[in-house]
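A, B and C label the chains in the order they appear, each numbered from 1.
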């Protein structure tokens, strides 16, 4: 049970990396990228390509794939997403969903349906663990994933708080027009945010491939998990995605103790529950608030 | 050569033509006030000059260069800065961050964080405060400071006294008077308060339904003339020197 | 001296009346089709009806109510699952299919109270999560045997030709009824209210539109439509696999058909369904690359032709076969040659 709890927390690290990109896109561009999971899988396939065809070490391949994914994000935003953002919220959802279909089936066509994994390439890291007292074992890979997640989020936080780009990003997400009026090129900021988001997706995909098996159609499931983590942790909060990821990971981990289906079901139920609770709280607040006003008027 | 020259500008709001074949010019160092009732097209005009509102037709020339097709951030680089209606500060960013972002993305010049704080000393104790927590008068000061950080040669001020207490407005116009006195910043001011407008500006333009109803030097225009043009009464429209 | 023109409100155009006449004729012909067409044609038409239903329902949600659902497959699969369960209890297959669809449609009612309070993207993803959650729960049922799925074996008790024809007639009836119901609804107050909500929800509330009620009606109707599509599919394919019947690829297809055909028009989805059907016929064998192409085409339409094919045709020629709007005509004489004055329905079509 304790094992499951710890595994769940560490799983949260993976979800945090995956969800951070989604959250960034939504926060800065008000844009829900339904192809985010598929982009993560694409990143994983690129790393696999680097390892199997180019003979790179997995970590080197990951490092090499990051700028590739960032460039892809830059281009996608400039050529595709920016044009759909003017069409209300319908067009971006339709476009990214179509893009996801293209990616999934394209990857199937290129790489076939074989399930792949990076687990073979990282040697014993995929199952090695540290033995702690009280019969607890900490998997080395999950811990590394978690640590990197924290480093990545901290890095993002520092970027946003202290750099020129970070300020531009924050301004653009608060008020794109006012940002333009102070000289910020909103289009470039959007491209930069998309580049970071897609690079993060690729990183997450690589970690997924290290601990599990992936296939061309694995994207949508990951997207749902990422979205669940974002919503559970609170939309708009960077560290919220870590907390959301952890809560999701823990619930999934504990759920899997019951049965394999409960792994997924626990997350879905929690997500729907959190949504429901938020709706109820909003509803109650709007009614409660009114009562407060009346009281004050007397 | 005029600093800003607007020729036959047409700007639409959906099906409404807010600015109709509007032309005017501003000379370097001048202060022009634009007055008019709500809906006359003043803010749309400003937004079109700043670049956030697309011009349907017409030409906007700045320092001789046609900027009509330039996006807003490029116009900032050219030297136009606007203090928008409603201030539009970035609420979660501190005062210093609001100022810095404009400084980082604007032109090089005399205005820097230090000099802006010198000009607006009331902001000094507030540099670390998120802009969303400031009072109306404080926000207006930050908004003007932010526009100055871009080191503009043309400053557009849209309804800066809106929603402020009389004391705040007084303090505001004192700062603006200093700016005017330096002679380095050309200003166009949209102002609801006619007395202020006449007292501060060199020239006044009265807009009505997207067109110029009256134009003339502040010294020569009388209040009855402006009132008539403001409300579209009688045949007072025209140029008065 | 000028005479004050008298205005009258026209709901039907000549083209509209003609189209309805043609449609009824086609309906009669189709009903008689099993008498002289080959089994293959009947089968293919049944599939086409499924596509038409799905496209029309997705358009109803997204085009008219502004609700983008990435989870309509939940009703598609749930209806089939309920039907399987009912057959397992001994019910005759076709009755079970109809009741299964109805039951799945009914689940939309309680669901609507929850999901319809969500906005835009949240609604889309929440529907997807609901579909996934239901899929997992259905997989827990031993009848379904997890991923393996099961079949509607009871269908084998029918003669293959009879079964094919019965399924065809069921599909024809369901499609005609649901499309008819949809059209009737859209031309009525619900349709106008839905478009008002889509354009500006706050303004609609301020003029007294019961937003939640309108959205619910549309949501439940769309659910029923997708549910019937699901049972027709089951009847024709006989096998049931959670991954297939609850698969998100159905949303890809629905999205494609509605978008390419023309969102916000009644005729568009039908056109889109026909197009999709033809694409499947000719290119379906290319497997994954074909699906990638479908996705790419959808993206291209979203970027360059967001009004879809029918929307573009309508813009160019002004032809509206089945109008859902209202037009005013003005005339001094209430007689024959009335000058038609089209009043522009303020439709926010593109961007």
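Please note the rule applied: contacts are C-beta pairs under 8 Å (C-beta built on N, C-alpha and C of every residue); 3 or more make two chains touch, one makes a residue touch a chain.
In this text the structure is predicted, and so the values were computed from the model without any measurement.
Considering every other chain in turn, none proves to be in contact with both subunit A and subunit B. Every chain gets a centre from its CA atoms, and the centre nearest the mean of all protein CA atoms is that of A.
Averaged C-alpha coordinates give centres for subunit A and subunit B that are 43 Å from one another. The geometric centre of subunit B is 53 Å away from that of subunit C, both derived from CA atoms.
The distance from the centre of subunit A to the centre of subunit C, each centre being the mean of the chain's C-alpha atoms, comes to 33 Å.
Residue numbers of subunit B whose C-beta contacts span two or more other chains: none are found.
On the side of subunit B, the complex with subunit A involves touching residues 50-52, 71-73, 76-77, 81-82, 84, 88-93, 97, 100-102, 104-106, 146-147, 149-150. Looking at the complex, you find that subunit A touches subunit C at residues 26, 32, 34, 80, 83-84, 86-87, 89-91, 93-95, 97-102, 104-106, 108-109, 216, 220-221, 224, 227-228, 231, 259, 261, 264-265, 268-269, 271-272, 275-276, 279. Listed in rising order, the residues of subunit A touching subunit B in the complex are 164, 167-168, 170-171, 174-175, 177-186. Remark: subunit C residues 62, 66, 68, 70, 114, 117-118, 120-122, 124-126, 128-130, 132-133, 136-137, 139-140, 248-249, 251-252, 255-256, 259, 263, 287-292, 294-299, 302-303, 306, 350-351 touch subunit A in the complex.
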